[in-house]
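Here's the structure we're looking at; comments come further down.
Order as written gives the chain letters A, B, C, D and E; numbering starts at 1 within each chain.
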C-alpha cells in the first residue's frame, strides 16, 4: 500500500517562475488494484506519479510504502512502513528499480540496440548475470508476442510492438507496482484495447497498476478499480469504480 | 563471446605485449653486445666522438668538436640548416677549464 | 563481490555498445588519440635509443681532445705539443689524429676522412662506410677517385665496407693510410688535426686540461665529460622541448575531448534520461562514462605504444628521419637497438591517459546528474 | 629546473590533484554549510548532486595521489646519478631543503587520502548521508596540506641543479648523525628486533582476535598505527642491514634500487596499505553510534582489519625471509 | 719521402713515461661487491676501489681509502667477529696510475679539492714526488703516512 500525506511539489522555488505542480495531496492506494489518474495535461498527474515512483522528491509532505514484501538493503524491518521522502537519490533508485516498473507516453526505447537489450537494460546495474536476465527477457517478450523481434533493432518495430517491448522492459525486474504515464496517447483504439488487456493480465498476476491518462478507453475500461480525477495539482474526485 | 570479454581480452593482450617490450628491448641489447654484433674493431680504434646522424656540414657531423661559432650553435632556432640544425643546442659554456 | 564484478561488466557491456552506436565520432576520437600517443611514444623511444648509441660511441672516445684555435677557428696543431702534454703527470698516452672532411662536389655529400694505419688502410686502400659506398656506388675491390689539390686525383681501392649495422658511427667514413691522407689534402708536415689524450684517472682530467690550457694558451681541450654533457643536453633538450610541444598537442586534444564530452547531443541526453528513469543510478551512469573513457583511452594507449615501438625499432623511425635528414645526402641506415623500461611506459601513461580521464570527470558528472524524471516530462 | 618526463609527470599530477581538490573543497564547504537532508528543495537536490561530483573527483584524484607517492620515490632514485655523493634517493632528496619535507607531506597526504576514500565509501553505503559534514570538514582541512605539497614539489624540482654535491645515505643514516635516525641506529639491533617482532605479533594477534570476536578493536587499531613507524624504524635499524648484507648500512632508500630487486617497494607498499586500513578502522569506529551506520561500520572494520592483517603479515614475511636468507648475521 | 716519414712518426702512438699498468695484477672488482662500510657498489668507482684481505682469505672492498681506514680502526663494527690484527693486506690505488699499492707504504694527501664518492678523501700515492705535485695542484693540506692516520683524522673528514 502507498500512502501520501500532504504531498506538495514545487518547481523553481523562490524564483519568479515558481509554480506548484502538486498541492497538498493526501491519498491511499491499496495494492493489487488498477488506479487511473484522470485529468487534462498540466493537472499534475504525471508529477504525482514521478513522486510516487521515487523519481523525484516532494517539496513537503510524506510518502510511505507499506508491506512491500521485497527486501530493501538498508531496511532492517520489512513490516515498518518505508518512508521515501527524505531518501537520497541513490536509495530512491534502488527502490525504484526493485519495486516500480515504468511505461512512458513515448515508449522511450533506446535506438540502435536490439529489442532484447532494451528489455534487459533496467537489470544491468543490479549485478545479475546477463544470461539470466536475457532468459527472463525472452520469456517476457514471448508473453507479449514480440519474441520474434528480439534480435532486431527497436527502430523497426511498429507502435504497438514498441509499446509491448516497453511493458516487457518495465517488468524485467519483476516489480510490484507498474506506473504508466499516458500509455495510450500514441496508440489507435485497437491497440489501446490491446494495452488494456495486457493491463488486466498484469492485474491478474497481482501487480498494482497506476495509470495517468485522459483517454476514455482507459478510464472507462472494465478492469479499472478506481479513478482519481485531478486538476491544477489537487484531487477533484476520488471514486472507486467497483 | 560477450563484447566486454572481447574488450578485456584485447586489453590483457595489449598489456602483455607492452610488458614484453622491455623484455624484447633487453634481449636485443644483450644481442647487440655479442662480439659478432659489435662494431668492427677498426672503428672503435678510431676513437670517434660523435654519431653520424646528420652530415650536411662539419658542425653537424661532429657537433662536439665544431668551432664555437659554427653557425646555428649560437641559437638553437637558427635556420641555416633547418631541420637538423634546429635540434642541436650550443655546447655548454662549461668547456674552458 | 561477484555482483559488483558482474555489475561492472554489464555496464562495460553497455558502454561498448553505446560507443559502437556512435562509431563515426568515437573512431575519429580514438584515431586522434592513438596518433598523439604514437608520436609521443615514438619520440621517447627514439631519443632514449639514440642516447644509448651516443653513450656507446663516447665509450670509445678519447678522455681529452686538444684542438688548436687561431683567430677563433680550429687550426692544425703542431706535433710537438703532444710530447709536452705527454709529460704532464697523470697522462697515460697522447695520440695525434689526422682527419678532416671531404666535400664531394659530384653528389654534394660530406665525407669524413680519417688517417689510420690499420691492415685495411694500407697505401692505396680504403675502408669506407656504407653510406659512402651507396652514394659513390662502389663495391669491395673497386676503385674510386678523390680530388686532390694537385692535378692527379687520388685513386683508392675499396678494401672494406663497414656493415649497415655500424652506420650510426661509420656511414660517412673513408679510412685511408697516413701517406694517402697527406697526399689527398696536401697536409702540412709536423701538424696534425688534433691530439687525443688518455688520462688514467678521470678525476685528474680537469687538472690536466687546465695544465694544457696554461701550457699552450692557444689550445682548446675538450673533455669527454663535456661531450657527454653536450650530447645529454642535445637529447634532453630535444626530448624535453619536443615533449613540451607535444604536450601542447595533448592539451589541445584534451580540450577537444572536453568539448566533445560536454557537448552532449540531444539524443545522448535523452538516452541518459531513459536510463535513469528505468532504474540506473547516478553512480551507474558515472561508471558508464568511466568505462566509455577507458574503452577509448586504454586501446589508444596500447595501440599507440605498440605502434610506436614498431615504428622506431623495426622501421627505424621513418617519420623522424625525414626531419633529421635535412639536406644531408648521407643519411645512415640504422636499426636502433630498443631501449624501453617500465618507468618510461608508466610516465607515458601518466602523461597521456590521466589528463584525458580527468578532463572527462566534470562533463560526465553533468551528464550523470540529469533528472530521472526528464524522460517522463519529455 | 629539471625537465624529465618523470618529473613532469609528478608535477602534472600534483597540479591536477591540487586543482581538483581545491574545486572539490570549494563545493564541499558549500555543502557543509547548507546541508539539510530533510528538505526536498531544489537547492538540496543540487547539493546532493554535488556530492557525486566531489566523490567522483576524489575517487579519480586520490588514487593518483597514492600512485604518485611511488612515482616520487622512483624519480628521486632515478635522479641520483646526477649528484656527486648521492647513491640513492636519500641523497637526491637532500639536494635542497625542500626534498624531505615534500616526501614527508606527500606521505601524510597519501595516508589521509586513503582514510578519506574509506570514509567516503562508508558514507555512500548509508541512506542518510551521516558523515557528510565530517568528511567534508576533513577534506577542507586537507586542502592547505595539498597546496603545501604542490608548492614544495615545485620548489624542490625547480631548485635541482645537476652536479650539486649532496650527502649520501651513508652519512644521513649513520650512528653519528645528530638526528632521530641517528639515535635509532645507535640502538642495539636486538632491542629493535624485539620491539618490531613483539609489536607486529601483538598487532596481528589483536587483529585476529578482533576479526574473530569483534572485541579489542580499539586496541588493534592503536597497535596497527604504532607498528607503522616501528616497522619503518626497523627497516632503518636492522631489516635493511640484512638486505644490504652489510652490518652498517642503514639506508631506507637504497632498497628501492634495481640492485636489490626493488625489494623496497614490496616492503613499503604493503606496510602503507596496512597502515591506512588499520588507521581507518580506528577513524570510523565512532561512526557506529550513527543509527544508519550501525550495521555497516562493524562489517567495514572487520574487512579493513583483514586487509591490515594480510598486509602486515606480508611485510613481516618478506622481512623475515630476507633476514633468514641473508648471509649477514648480526 | 722525408715528409711522409715525419708524418708516419707523428701518427705513431706517443708513449709517456708513466706506466700504463691499469689494474694489472689485481683481480677485477666483482660488479656485486659493496663497500663494507657504506654499502655502495664499488665497481661504479674503479679509480677509488680499495680492499683488505683477512687472514682467512676473505676480501672486503671500499669505495675509497677513507672507508678502508674506518674499517681498519673499527673492524668489529663492520665485520663482527674479526679484529684489526686479522687484516693481512691493505690495498689502495695510486691516484695517477691507478696501480694497486700497499696502503702501508703509500703517501696520502689530505684536504685536497678532489672528492671521492663519499666526499673528502685521503688520496694515495706511490711516491712522495707525486704526492707533492698533487698537493700543489689540488690545494692539499698535508701529506701523511699510514701510521700517522688515526680514527679521529678519519672521522674528521666529511
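Keep this in mind: a residue touches a chain if its C-beta (ideal position, glycine included) is under 8 Å from a C-beta of that chain, and two chains touch if they have at least 3 such contacts.
In this text the structure is predicted, and so the values were computed from the model without any measurement.
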For chain E, the least number of touch steps when starting out from chain D: 1
Chain C and chain B - chains in contact with each: none
Most remote chain, CA-based centroid, reference being chain A: E
Pair with more cross-chain C-beta pairs in contact, given A-C and C-D: A-C
Chain C and chain D, separation of their C-alpha mean positions in angstrom: 37
Chain C-chain E separation of Cα centroids, rounded to whole Å: 39
Centre-to-centre distance between chain B and chain A (centres being mean Cα positions), rounded to whole Å: 67
For chain E, residues contacting two or more additional chains: none
Sites on chain D at which at least two other chains make contact: 124
Where chain C touches two or more other chains at once, by residue number: 9-10, 13, 17, 95, 282-283
Each pair of chains that touches, named by its two labels: A-C, A-D, B-C, C-D, C-E, D-E
Touching residues on chain D, where the partner in the complex is chain E: 84-85, 87, 165, 167-168, 170-171, 176, 244-249, 251, 254, 259, 329-330
Complex contact set, residues of chain C against chain B: 9-10, 12-13, 16-17, 20, 50, 52-54, 57-58, 60-62, 65, 67, 72-74, 95, 97, 101, 109-110, 112, 114, 116, 118, 120, 127, 129, 131, 160, 162-163, 165-173, 175, 194, 196, 206, 209-210, 213, 220-223, 226-227, 229-231, 233-234, 237-238, 295, 298-299, 302-303, 305-306, 309, 313, 322-332, 337-342, 345
Contact footprint of chain C on chain B as seen in their complex: 2-4, 7-8, 10-11, 14-15, 17-18, 21-22, 24-25, 28-29, 32, 37, 39-40, 42-58, 60-65, 67-69, 76, 81-85, 87-89, 91-92, 94-97
Touching residues (chain side chain D, partner chain C) in the complex: 3-6, 8-9, 12-13, 16, 20, 49, 52-53, 56-57, 60-61, 64, 71, 74, 78, 124
Chain C-touching residues of chain E, taken from the complex the two chains share: 3-4, 6-8, 10-11, 13-18, 20, 22, 47, 95-98, 114, 130, 133-134, 137-138
